[in-house]
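See the structures that follow.
In the two complexes below, chain A is the common chain; its partner is chain B in one and chain C in the other.
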Partner chain A sequence: MMGDRIRNHTLTLVAIFGLATFLWWANGNFDGYKIQIMNLIAINAILAVSLNLIYGFTGMFSLGHAGFMCVGAYVSSLLILPASQKEAIYILEPIIAPLHAAHAPFVVAVLLGGVVAAVFGLLIALPVLRLGGDYLGIATLGFGEIIRVFANNLVPITNGALGLKGIPGYANLWWNYGFMLFTFYVIIRIVNSNFGNALKAIRDDEVAAKAMGIDTYRYRVTSFTIGAFFAGIGGALLASLLTTIDPKMFLFVMTFQVLMIVVAGGLGSITGSIIGSVVITILLEWLRFVENPIIIGSFEIPGIPGMRMVIFSLSLVLIILFRREGLMGMRELTWDTLLSPFGKRGDVE
Partner chain B sequence: MTLTMFVQHSLNALTLGSLYALIAIGYTMVYGILRLINFAHGDVFMLGAYFIFYAGALLHLPWMVGVVLAIILTSFCGVLVERAAYRPLRDAPRISALISSIGVSFFIENLAIVIFTGVPKPVVRPSWLVSIIKFHGVRILPLTIVVPLICLGLVAGLLFIVYKTKPGLAMRAISKDIETTRLMGVSVNKIISLTFGIGSALAAASGIMWALRYPQIQPLMGLIPGLKAFIAAVVGGIGSIHGAVIGGMLLGFVEIMIVAFFPALSGYKDAFAFILLIVILLLKPTGLMGEKIEEKV
Partner chain C sequence: MSERNIILKTPGLTMRFGGLTAVDNFDIEVQEGRIVGLIGPNGAGKTTCFNMITGFYNPSEGNIYFYDEDITGLPTHKVCAKGIARTFQNIRLFYNETVLQNVMIGAHLRQRSSWWQAPLNLPSFLREEKEISDKAMFLLEKVGLSDLAGEKANSLPYGEQRRLEIARALATQPKFLLLDEPAAGMNPQESWELMHFIQKTREDFDLTILLIEHDMKVVMGVCEHIWVLDYGKLIAEGPPEEIQANPKVIEAYLGEEYLENA
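And then the complex of A and B:
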């Protein structure tokens, strides 16, 4: 309905304006720690929504997200690091020729990080997506590991195990939330388009989709490449936010965290992934309390280092065992569902 | 490269290959029956190594008693994992069990970091296993002879169970068709538990011998060998026990020989397995010994 569409677009604009106001307020009033968490929420949302496109909407079980993030992070960091800083940190071997002078503005660097990650995604997708289901998971996991091994060994390019330090911290709230909205916009448009319908058909029944004349291989490759692009952007922003990166950062644990967000939010639900990013990022920070001593009355329970990740991984198992569909299932939170208790429903006339 | 060096490298490759093969069998058996990649299998392997360490360091048990105890405890853990995290998901989409196994894997690893601490622990090795013997100029660690022999014995025992006993028959039946097997009056859950028990016992044996070969154990030690053993299982043809052994040996030889012939590539050692995997999957997606799986409509 025309009226509903205009209303929904207006509400979306109002919500974005509200978010911007909140960011502006937070920038002035929150301490550094809270702002850091807010930044992490935005980056996690980018990563979760991009993995959801690959896994939740196209049904490809990919475990290679950390690899794409690694590519994006290194590409964009190398482009924004000042030449003097590069000279200072490449102790073992000097950086190779074209890279030592390469420089780009932040936004270009982040987008290029995404593009290079997408190229890697395409190169891995072309052979690997001929495989189905479980093999795909293992092959993409293997790819993530290969990227990490190369990052560790190509010392003249990546500075090896020492990693990159002193990356300019351009990724503030505005950049992160800006890129987050850009990601949402593109992926929501994709999911709601005809292309998205084909992806969902492939997810629900690949054989039937093929029988309906959908070139499943091409659709899968495209979806995987787009997912890799946004994973690269997420990695690039994370690098600038943390200002240091090294190959150890992109272990499988990184993919696991994103997977956890997607599963908790609901596979195949964009709003689920968004809510999941907020809840899990905050929960992970909040869980740090178990690693600090807790004082009840006169008793002191000593903190247990590492307990946070035990609880975190246990909760993933519990979610899968008891609420497999996650928070939202495949449903989306839309303006219509939000407003339905108040106004008349669109489908009831 | 001289002949003696080549013999030494071959023995090392045979040892490493045997260790991979024993872990790979566990993956292949579980996959054959449940079509599930048991990500937690590598961590069960790690538990085997820790149990033998504690049996010696904490309980001061004699070596052989410790080995038996460690194997029993590890297979108990393997069965427990199946009971708690996979059985409730038997009727769920397969991907749910896969995610559950990733969660369990992380859970065991992190719990191990909390309980055993992240500090690597030194394993005490019986001296007769590590006193070097010289044979025609080849320096041989008795371990590199013992490990392949034990592996051979275990695989022979396993093949006997799978092909000559009733539970083995049931296992093979389940891997063909789980529903029909259930209708035939086989208690499917018991057989699946047995499969996890046997697979975990073999992983424990591998973990113990791994701890002897590389006597520094730490909570994340199962991660990379586990992944590589899974790759060995896929390369050999998942679901096939022979395939798992062949894949394990192949991987052991590839890793040792590439580093031996091209020392400059040693930093990339962990990437070989994954490159081998991608190459094999492209050339022969069902693995070397695998059966062709038709896509059902």
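And then the complex of A and C:
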């Protein structure tokens, strides 16, 4: 047993080192487009794992991710935008003084983006979860829309519909994958602790969880707030990766994409969410071809904008109909299961 | 007998659902350290009493005193923290979790460290997690399920699910244990074992136990005092021999079936 744990830790370290080597190699050899996709994979993995904590592990159906990302993106971007750039882009109304002066290093800005998103998460969770878990879906959906309305109208803060441009593009492979590993580490430690067991208990049977002395309200609020924190971090990184943001970026489709990854990977499976992020991010890019005109011989089929999301919605429906548990179900891909074909089976005790 | 503490007192406990009075003026006193029973025909209001005591229902009238402390209307998790644990008539395990995790979840209530210590990996946190899992293992040994610790709860046969539910309740370190039909679905051999298990559990954990049960062999065999509910009203109380001989009880509850088997 002890030997297995040391082996597994070693393998994890080797895997992280392997990932780092790959990133280093990719940095020198991949073109910008491929690197962009790799960056998106890392950010999507952060978003998916954080939604999985809320929905997959605690059983709270939440549609608020785009809203939290939006908060994280604006907070962090305003902290890393140079003052001169702020003056240049706020043409409708000047930016308010405290924000004009505000500045922070990138890590701090990203973490603060997470913190403010978490505060928003807490403020939603406190009243809504009082009513039990049933109203969370609709309330978070409303929250996402309200945040966008604010982003559109609080012009001296957000620059309104014009959005923010020229955000420094600090979010390179190293930062994105670094934050991804940080997210994995924190959430895996939480989920594997006895606190995590209590969250799963609430998901499995709330009545029994209460009878076991679990304050289900407080635990739900905590889980939701932690999830919102990492969603904010994901949004902050995305803003710096894309270097421009505007309120339209955080429409419901954004939440939907993350939800898709989580459901496809398996609710309650971290490794499922990771695999889902890789596959679906690549698929989403690859599917862009359906939105471009396709020429077959002398025929030209015109591109249909939005077709990608149609295909995606259909696949989500198909997954729910035919494989509700997603790719992994609640199982995890562990070193033990990976190595078991090589004669390690039955070697547990 | 008279010098024992009263662990539970329920003066005038009443539960109405709309027009239906499910429990009417339920008034019992349970002595510390006893195994006592609550019986009555289907729909008599027994489970409703459990739901009031454990804070799932807020009684329409009356109070619940646990060691002289008024716990009426306290939320369920706080009632459990006070030291009242229960099982359910329709077993309610955490079915996606392992047998060991189920018991660890019960033990979580008494855990001091909080969630943010998990990512910090502090030695004190790791030590407590280990203590919790050791304690859960110990309880599984007590109920004879330690071999199945790594199995998913939903893969257990019925009788073992019942025992797991009891182990999980014990993990909350209760003083007072409520069992809702623990012998339901068990064969005579299993219920016989269960009787001894309940008695041994009381000794080992210094418990007071109140159980609802339809299996008369179990009730008469294990309970020192019995209350009988019929249509929400208490119609009799006393030691098993008296209850067995009480014509009102025989008529209301035990009926012909009992007379035939007696």
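The rule we apply is simple: the second predicted complex is superposed on the first by the 329 of 349 C-alpha atoms of A that agree within 3 Å, B and C clash if a C-alpha of one lies under 4 Å from a C-alpha of the other, contacts with A are read in each partner's own complex, and residues count from 1 in each chain.
Heads up, the rule we're going with is that a residue touches a chain if its C-beta (ideal position, glycine included) is under 8 Å from a C-beta of that chain, and two chains touch if they have at least 3 such contacts.
Because the structure is predicted, anything quoted here is derived from the model rather than measured.
Of the two partners, chain B and chain C, it is B that touches more residues of chain A. In the superposition on chain A, contact is made by A:R130 with chain B only, not with chain C.
In the superposition on chain A, A:R189 makes contact with chain C only, while chain B stays out of contact range. Of the two partner chains, chain C is the only one that A:T222 touches; chain B does not reach it. Once chain A of one complex is fitted onto chain A of the other, the partner contacts of A:H9 are absent, as it touches neither chain B nor chain C. In the superposition on chain A, A:V207 makes contact with both chain B and chain C. Contacts of A:R288 after superposition on the shared chain: neither chain B nor chain C is touched. Note: residues 207-208 of chain A belong to the chain B contact set and to the chain C contact set alike, using the contact criterion stated above. If you check the complex, the residues on chain B that touch chain A are 35, 37, 85, 88-89, 92, 94-96, 98-100, 102-104, 106-107, 109-111, 113-114, 118, 223, 227, 230-231, 234, 267-268, 270-271, 273-275, 277-278, 281-282, 285, 295, 297. By the touch criterion stated above, chain A contacts chain B in their complex at residues 61, 127-128, 130-135, 137-139, 141-143, 145-146, 149-150, 152-153, 207-208, 252-253, 256, 259, 263, 304-307, 309-310, 312-314, 316-317, 320-321, 324. Touching chain C in their complex are the following residues of chain A: 185-186, 189-190, 192-198, 200-201, 203-205, 207-216, 222, 226, 268, 330.
Note for the complex: chain C touches chain A at residues 54, 56, 75-77, 80-81, 85-86, 88, 92-97, 101, 104-109, 111, 114-115, 118-119, 121, 129, 132-133, 168-169, 171-172.
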